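Letters are used for the chains, namely A, B, C and D, taken in the order the chains are written, and counting of residues starts over at 1 for each.
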Amino acid sequence: MQYGDVFDMKTIGISIKIGDARAATLAKELIGWLKEQQREVCVDASLRDCCSEPCIDINAMAGHVNLMLVLGGDGTLLGVSRSFIGSDVPILGVNLGRLGFLTEAPVDNMFEAVSTILDGGGSIVRHFSLAAEVWRDGIKLGGGQAINDVVLQRNRHPRMIEFEMRVSGQFVFRVRADGLVLATPAGSTAYALSAGGPIVHQELDAILVAPVCPHTLSNRPIVLPSGDKITLRLTEVPAPAALNLDGQMHLELMQGDEIRIARSGTVSLAYLPGRNYFEVLRSKLHWTGRTDDNNAC
Amino acid sequence: MQYGDVFDMKTIGISIKIGDARAATLAKELIGWLKEQQREVCVDASLRDCCSEPCIDINAMAGHVNLMLVLGGDGTLLGVSRSFIGSDVPILGVNLGRLGFLTEAPVDNMFEAVSTILDGGGSIVRHFSLAAEVWRDGIKLGGGQAINDVVLQRNRHPRMIEFEMRVSGQFVFRVRADGLVLATPAGSTAYALSAGGPIVHQELDAILVAPVCPHTLSNRPIVLPSGDKITLRLTEVPAPAALNLDGQMHLELMQGDEIRIARSGTVSLAYLPGRNYFEVLRSKLHWTGRTDDNNAC
Amino acid sequence: MQYGDVFDMKTIGISIKIGDARAATLAKELIGWLKEQQREVCVDASLRDCCSEPCIDINAMAGHVNLMLVLGGDGTLLGVSRSFIGSDVPILGVNLGRLGFLTEAPVDNMFEAVSTILDGGGSIVRHFSLAAEVWRDGIKLGGGQAINDVVLQRNRHPRMIEFEMRVSGQFVFRVRADGLVLATPAGSTAYALSAGGPIVHQELDAILVAPVCPHTLSNRPIVLPSGDKITLRLTEVPAPAALNLDGQMHLELMQGDEIRIARSGTVSLAYLPGRNYFEVLRSKLHWTGRTDDNNAC
Amino acid sequence: MQYGDVFDMKTIGISIKIGDARAATLAKELIGWLKEQQREVCVDASLRDCCSEPCIDINAMAGHVNLMLVLGGDGTLLGVSRSFIGSDVPILGVNLGRLGFLTEAPVDNMFEAVSTILDGGGSIVRHFSLAAEVWRDGIKLGGGQAINDVVLQRNRHPRMIEFEMRVSGQFVFRVRADGLVLATPAGSTAYALSAGGPIVHQELDAILVAPVCPHTLSNRPIVLPSGDKITLRLTEVPAPAALNLDGQMHLELMQGDEIRIARSGTVSLAYLPGRNYFEVLRSKLHWTGRTDDNNAC
C-alpha cells in the first residue's frame, strides 16, 4: 500500500526504549532535525524527562500524530504498536539492535529512512492483532491485545496444565501441555517458531495455534482462518497459570477459567522501499542459500 | 454451502476403486437402487465391464452428471476429483476402508448417505487444487493438477537434491533436501504432516510449503497466501528427480528444470449433515482428549 | 538380572499415593495377605494413619526392607524410588491407573504379581539417577537426585532464559530457551519426549539433553555418555527460574547460578516375567502397528 | 587415545577424491615431502595415473601402511574408511572443502598437520561401523558396511513403504514411512539429523534409529545400545526400495526382504591436538552462542 498521498505528515510522535540513553540521545537529534523541517513533534512518557516537546499519553497518541517513530528493538515497537491498534497512523521502527522482524530502519540510516517515509516512499503492511479476554464464572476479569502472540502457559509449577480448545464453537481437543501459542503471522516468527510452528506469511489472514511441549505427540500446530473465534477452557491447572500478550502484558489464570481470543484491529507498520520479507527471514533464520552461492551446504 | 436447490440431481455418475470386487458389487446395488428412483446413471472405465450403463470418459464426466459417487478410499477419490477440477458437480466418496479425510460416507450407511445428498442434505466444501508445470530450456514439458499435494522428490539416488524457491518472483531460499511438499489445506493432513508441516484448516486460502528432511535445520514449513505463484529451480540433481501429483501422476525432472505451481480450480466435495472437521482430525490423529474424558493423559 | 536367590524377602515395605483412599484399602488387604505368609511389613508416612504396622521414614526404609511395594502411579513410584537410590532393594510398582512406564503390576493382578516377585520370578532393571547441585558465588546452595529428569525452566516470566552448557569442562553452547531437560533413559519417555527428544533405550548408559523451545532452531537434543559431567551457568534470567527434579523437588535459581549434574546411584525396579520394553512403548505412544495388523495406517 | 609410541609410521598410504585435480597436485607435493623424510608411500587407484608410487588396492591397503592420508571431503573419507574397518591404522582426512565432521586437517595447514600426526601428536577416535545384510527367502543376497549410516528408503515410487523392526528379537513397530535411518554416532550429524534425529555423542556406544517421514507421528527416533541386533522386514513395498550404506553403496530391496544390521568393527580416525567435538558441532550447526557473546539472539 502506498500512503504518500493519503497522509499529510505534519505531526510526528516519538517513543523510545525506556531507560535507553543512546535512544534518548538519538531522539533528541531527531527532534531537532524534524523541527528544522517545520514538523511538530510530540513524545510519550519514555521521553518526558529528556526533552521539552509536548508529552502525550501513548494510548492517546494515535489521535494526535500523522507518523509514529519508535527507537528500540522489536519489543519496544510491539509495546507502542498495541496503543495504535485500529488506527491508520503508520509506525516506523528504528532498530537500535540488529535486524528486527518488525523494526525496519537501521539506526545508521535513521535520517534517510525517516526522510523517505515523510516523502511518502516505502510501503505499509497492516498487521492484524489478537484480542484476548479472561472469563471466570461468567464474569469478564480482564483482557488485552497482542500484535505477535497470546501465550497460555503454566507458571510456578512443574506439572503440565490441561485445557480444551474450541474453534467457533466446535470442540477441537483437550490437551496436556506446557502451554499454547496463538500467533498472528507477525508472531509466527517469534515464540511460536521455537514451539515448533511454521512460518505464516505476513499477508495471510490466519491465526497460528501451536501447543508448547504437548503430551500427545500428534498434537501438531494448526493454522486457522483469522475470522475464527478461539476459546480455551482450563480443565486442570495445579497452580496459577498465565496469559501473556506479546510477552509484555500478563493475566493470571486459574482452573476453570475461559479465555476467548479473536482477531482485532490492525496496526500499520511502515517499511522502506525494497524491503523484502523473505530476505528478512533468510537473514534471521540463517538460511544459507543465496542465488549465487555454490556451497549451500 | 447448501446446494439442495441448486442442483436437480437427474444424472448420477459412479466410479470405483479399480479392480476392487467388493466395490463393483456395491456399485451394482447402487445402480439398481438409483434406477428404481428414476435416476439416470453413467459410469467410467472402472465399471465398464461390470454393468451395462453408459460409460463416459472420466475427463468428460463432469459435463454429464449432477452428482458423482466414488466407492473406494481417499486415493480413489483424489483420482476422480482431479477430473472434476473447475466443475461445480458435487462428489461424494463412499469409504470402503476406515474413516477417510475426504471420503465421507461410511459404506454401512451408503444408501442413506446417498439419499441424504440427493435430497439436498449435507454441505459442500470447495477444495482448491494446485496446477504444476515443468519447464526445461524455456519449453513447457508437461504438467498436471493436484487436490492434495505437489511433491518434488529425489529418486533412485541417495544424495539430496538442491533447489531454489521463488514466491511471486521473490527469492526465498536455496535448500538441499530430500524434496519439497506443496500442499493444499486438504493435503496438509496427508504427506505434508509426515514431513513436519502444520495442519492447515480446510477453509483457509493457503498453500503449505514443507521441505522434506532439509539439510539446514531452520528451513521450516511456510504457509503462503494461495494466490502466490511458486517457482522451483533444480540447481543440483545427481539423478532424475520426480514431481508427484497427489502421489498418482509423475513427471520426471532433471537438473536445471523449472517447476511452476499455482492455485487452480476447485472441486466440490459433498459432506453429510453433522460432519465435523475437527472430529475427523481427532479420530485420524489419535488425539485422546474428549470433553468428558477425565484421563486425557 | 535374576534376583530370586539373592534376596531373602523377609521384610516388605509398603508406600502408597498420599491421600488415595483406594490405595489405602488395597494396602491393608496386601498387609493382611503378606502377614498370613509370615512376612514382616513396615510402612512409611503415607500409611501411618491407616494401619498398625511399624512406620519407618522413607529415607531409612532401604536399610530395613527386602522388597518395596508402591501403590500409585509413576509419580508415586518416582518419589519413593528417590529414597532408594544406591540401594539394591527391588521396588515393585502396583499401578492404580493405566499402564505406566515404571509401575509394572496392574492392580487387578496385584496379589499374583507380588507373589511372583516374592518367589524370585520376574527381573530387575537398574535405572541410574542424576544428581544435581546448585552453586551460587562458590557456595553450594542445595541439591537433589532424580530418576527421570532434571529440568531447568523459566518461571513466572514470559521471557526466555539464557544459559551456557559445558560437558566435562568443554563449552557446548549458550542458548536462549524456555529451559533444558536432562533426562535418564527412563525419563526420555516422560517430559523430554514432549520437548522433542528421542527415546533412549532403558539399558543405554546415556544422558539425554533436550532444550525446551530453543530460540536457535538448530539446537537439537544431544545424547551424551552417562559419565559426562554437565554444568549449566545461568547467564540471563529476568526472574527467578527453577530446577525441578522429577517434577517433584524444586530449587529456585537466579542469574549467575551454576548447576552441576552428574550420574548418580541406581534404583532396582522389579518387572514381571514377560515384560517387554517395546510393548510398553507401543502401548503408551499409540504406535498402531502389530505383526498381524494389515491396516497399519 | 595417544598412539605415538604404538605406531612406527614407516609407510604412508594416500588416497584422494577421484578426479579432483587440486587433490592430485597436493598429493604429489605431499608424496615428495614424505619421501624427503625417508617415508615410504603407496597410493590407491585414485592416484594411479598421477604418480609413480606403488599402487595397492584400497581393500588391501590397511595391511601395508602405518598411516592413511585422505585428501577430499567427508564423502571421500567415508569411502576410504570403509576399507579400513577392523584395522588400527589411523586415517587422517585433509579437508579440501570447508570444516568437515570427520575430515580433520584444513588444507592450508596440511604439512603441519601430517607432521604432527607423524610425530605422535593429536589423538585417535575409534568410530564403530554398522554391518548390514539383505536376506531374501532365507538366502543372503548381499551386504556391506557403513561408517555413518544404513538407510532404508523407498525409490522410484511416491507411496510410502511399510516395514517392521525387531531389536534383538523383540518386535518394536510396524511403520509406514519414506524410510529409516540407522546411524552410528558419527552418522547422527549427517542425514539422520535432517530426518529429525538427535545428536549422539561420538563416544557413546549407541545406534540411532530414526524413521524418515513416518505416517504415525509418535514414531520418534530411538537410541539403542550398540550391541543390539536390528532386523527390518519389508512388509509392503510397491516398487523396489533401496538400502544405502553411507550414501555410497546401494542394495536393491523387494517386498518380503529382511535386513539385518549389527555393530561391526571400528576405524581409527586421527584428530589434531586441541580438536574439540563440540566446537565442530557449533560451527557446523550455526549455534550462535559463544562464551563472550552478549547478543546470543
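To be clear about the criterion, contacts are C-beta pairs under 8 Å (C-beta built on N, C-alpha and C of every residue); 3 or more make two chains touch, one makes a residue touch a chain.
Since the structure is predicted, the reported quantities are computational estimates derived from the model, not experimental observations.
Asker: In terms of C-beta pairs in contact, which of B-D and A-D ranks higher?
Answerer: B-D
Asker: Could you tell me which chain lies farthest from chain B when each chain's centre is the average position of its Cα atoms?
Answerer: C
Asker: Distance-wise, how many Å sit between the C-alpha centres of chain A and chain B, to the nearest whole number?
Answerer: Whole-Å distance between the two chain centres: 36.
Asker: Calculate how many whole Å lie between the centre of chain B and the centre of chain D, each centre taken as the average of the chain's C-alpha atoms.
Answerer: Centre separation, chain B to chain D: 41 Å.
Asker: What is the distance, in whole Å, between the centres of chain A and chain D, each centre taken as the mean of its C-alpha atoms?
Answerer: Inter-chain centre distance comes to 46 Å.
Asker: For chain C, which residues are shared contacts with two or more other chains?
Answerer: Residues 193, 215, 217-218, 220, 285-286, 297 of chain C touch two or more partner chains.
Asker: Could you pull out which chain C residues touch chain D in their complex?
Answerer: Interface residues on chain C, with respect to chain D: 162, 164, 167, 170-176, 193, 197-201, 203-204, 206, 208, 210, 215-216, 218-225, 228, 276-279, 281-282, 285-291, 293, 296-297.
Asker: Help me check something: in the complex, which residues belonging to chain B touch chain C?
Answerer: 97-98, 217-218, 220, 286, 295
Asker: What does chain C use to touch chain A in their complex?
Answerer: Chain C reaches chain A through residues 151, 153, 155-156, 158-160, 177-178, 191, 193-196, 212-215, 217-218, 242, 244, 247-248, 250, 285-286.
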